[in-house]
Amino acid sequence: MSLKTFAGGLHPPDSKAYSEHKAIEICPLPDELVIPAAQHIGAPAEICVSVGDLVKKGQVIAKPKGFVSVPIHASTSGEVIAVEPRLHPMGRPLPSVVIKADGEDQWDESLEQNNPENLDAEALKKILWNAGIVGMGGATFPAHVKLSPPPEKKIDTLILNGVECEPYLTADHRLMLEESERIIDGINILRKILSIDTAVVGIEANKPDAIEKLTAECAPHNITVMALEVKYPQGAEKQLIDAVTGRQVPSGGLPMDCGVVVQNVGTAAAISDAVRLGHPLVERIATVTGPGIKEPKNLKITIGTPLSHLVEFCGGLEGEPGKIIMGGPMMGQTQLSLEVPAIRGTSGLLIFRKGDFSTKPAGPCIRCGRCISVCPIHLQPTTIATYARLDMVDEAENYHALDCIECGSCTYICPATLPLVQSIRHIKGGIMAKRRKS
Amino acid sequence: MLTAVLCLGGIGLVAAATLGAASKKFAVEVDPREAAILDALPGANCGACGEPGCSGYAKGVAEGRLAPTLCTPGGSGTIQAIADILGIEAVATTPQVAVVLCQGDNEKATSKYRYLGLSDCNAAQKLADGPKTCPGGCLGLGSCANACPFGAIEMTPQGLAVINRDKCTGCEKCVSVCPRNVIKMVPKDATVHVLCNSHDKGAAVRKYCQVGCIGCNICKKTVPEAYQIENFLARVDYEHHEDAAQAIEKCPMKCIHDFSTGYPAGSRLATTKPETSKQPAA
Amino acid sequence: MVSLLLILVSAVFVNNFVLARFLGICPFLGVSKKVETAIGMGMAVIFVMTVASVVTWFIQYFVLIPFGIEYLQTIAFILVIASLVQLVEMIIQKTSPVLYQSLGIFLPLITTNCAVLGVAVLSIQKSYSFLESVVFALGAGLGFTLAMVLFAGLRERVELCPVPNSFRGTAIALVTAGLLSLAFMGFAGLVKG
């Protein structure tokens, strides 16, 4: 049987063997947690606690500003010892709440447990918003916004993203194997919110054990599990929709424009906790891996744990670290230091030693066209990058630079090691600035 | 002989008549002052006035929509010329030049990370606020040099922008493109500048830069009227800068520089001495 | 009919005025930075060439020859072409100021454009009939436009390339023009004439 997929894309070595057979372990609490107010796409939350306050686990410490924003919660009980800018995974100091853990890890008593059977869609969305549920695949887009399509957009399919196409990462894989009942419960809640029946879980064929387990468990719930060809970036929303339904999201459009909502399997699990247990998003599964880590592991981590604490729990560093990446190697964010905290979008921590990665300076484009053949959006990365170098904003816009999903396939494949994605991102900024002006 | 003259004359007459009729029919109104102003402008199409090119500015001035003083590259000579054409009084402006207030090239200042990306300061600045540890220092990737319509900015091999004071016309293109605001407009007759743009405390500056201002106050103690210290950063007071040069020797970090003695070391301009003309040629 | 077609094909491709006969090089190099301006210039040249060949044909056969003053050919043709160009200039200035601005000095330069005078003189030399000379002029104009647009397209692409400093500007433009001319040599022998 040939497996479904999308056109374009590439096959980087998946390197998942480091951690794919390691069961999820619970990472112990650090003494001090740094919880930034900006952990999602949209307006950063507004910090509403001050130094000296005693907080409980799950208590709101920052309130959302606007609809596309979510509250931030204390991820353990303890005392607020500082409210100040701290180094954020984005690479600059941003307002954060520093909590000294009291070790009790006590939940806030006011958190309500609910039965989703008795609630309507609006009430459920409100719960998700209050619980700070965001896309757990790494993009951290607030879930309640995705689940509120305008009435004229008819949604007919829910796709669960269990693809995990980024090399090295195995967090979703382990979650599907070990906590499938939470995921299925989350899918049922999502279907109730969207009032639809069709739900498809897309999983790449390199996770046969997860496919087998979920297929068996999903059958009674009328949820389809679809095995997909292994290819990067299948986990990108638009590519996943193409692979599963054959529909194309229009240029400049959203998945809802073709009747689809996509959520990560991790988000589904978090949704289940938020509704059934009343637990806001204060912990997540993340993979700590890479050649620079002594014992790669899949961990259940508390939001706000410094990366150095995770490294320590995984046996420390192997050799001299050369590159610290939060997330996967293709789209993850390179970090300046291990002192930054893990946040809601931290799907993994990847450490390379010096010499594990290429530092070849960029050469001239040899017009081999490989970037064009791998681009999952079917753009011409090299042309757009040339326009970016010359700041030719209008031309870049005509070549649909704004449709770039920044998956990194072009940069990965480029034999001249040109910084293609960075160039496109740069000119995207220019196009947005031009649009704001006019 | 006569036929030749008559024939050619006839052809000429027909052509002249046609053109005469056409010039009536296709007449285009042009304000003669617009052409005159355009002639007076430097013609660099640099955009300093906010218009896309010199002709747009000439049109705007002739229509009275734009002020006649907006052409900084032309300086006071151009302003005077435009004022003469329009028959109004010229307002004297002090000529300005841009200066990069930083000496911390890749040898003298440290980096947070190794940058291998696009050679563009704005693109680099988006990655964790740029590779340079100093929050205000020149990134040295040459965005200003690319933006300069007059080729007045040189990038040193060590990664520092140096502006040629004789070629700079003060159009401010570089100022608007620099993501770190390290380029400042200064009066052309001021030659002494504190070449640092870091407001960090002295101890922090010492860690990442060998030539950064640490806010030690020594320059202000030496020549009180010529210097101001704000947030651990000294600045020359351009209203009273006459004696500023006296503090150069006293500065422990060697970050005060007098351009009348030459450009900073490391620049290809270092061997040339800038003209210290008070007024640019019209 | 076949001979008219041959004249047209020959003028457009085989004996392309710019790339094979080296006529009208200055606007070819000067106004070919953007495809749009190149098209505008090409249209202006097609118009001027066709009208000029009509008028000069009449002048040649109804004025110069009957009065026996063929020796005035050059000056008469220049006079006519110059006034035609002046006319076109006025029309363009009125109807399309943007095109007028981008053509700049090269519009009046069509006056002494050797391609235009070349068409007029060549069609007399080859003793073309009236229809033939119109088709010849049209073909020459089309060939000129084709060369201009192709070259402008190339130059727009070259603009994106990191050209070595010493080759920037006119140097790389001339190299490109040479390569384009080489390519047009491929048409040689397609039509005789």
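The first chain written gets the first letter, and so on, giving A, B and C; residue counts start at 1 in each chain.
Please note the rule applied: a contact is a pair of C-beta atoms (placed from the backbone, for glycine too) under 8 Å apart; a residue touches a chain by one contact, two chains touch by 3 or more.
Just so it is clear, the model here is predicted, and its values are computed rather than measured.
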item	value
Pair of chains joined by more contacts [C-beta pairs], A-B or B-C	B-C
Chain whose mean Cα position lies farthest from chain C	A
Between chain A and chain C, centroid-to-centroid distance (C-alpha), Å	61
Whole-Å separation of chain centres (CA-atom averages), chain A against chain B	45
Footprint of chain B on chain A - complex, ascending	90-92, 334, 336, 359, 361-362, 388-389, 417, 419, 422-423, 425-426, 429
Interfacial residue positions of chain A with respect to chain C in the complex	364, 386-387, 390
Partner chain C, residues of chain B touching it in the complex	3-4, 7-8, 11-12, 15-16, 18-19, 22-23, 26-28, 55
In the complex, chain C residues that touch chain A	159-160, 162
Chain A-facing residues of chain B, complex	112-114, 116-118, 120, 122-123, 126-129
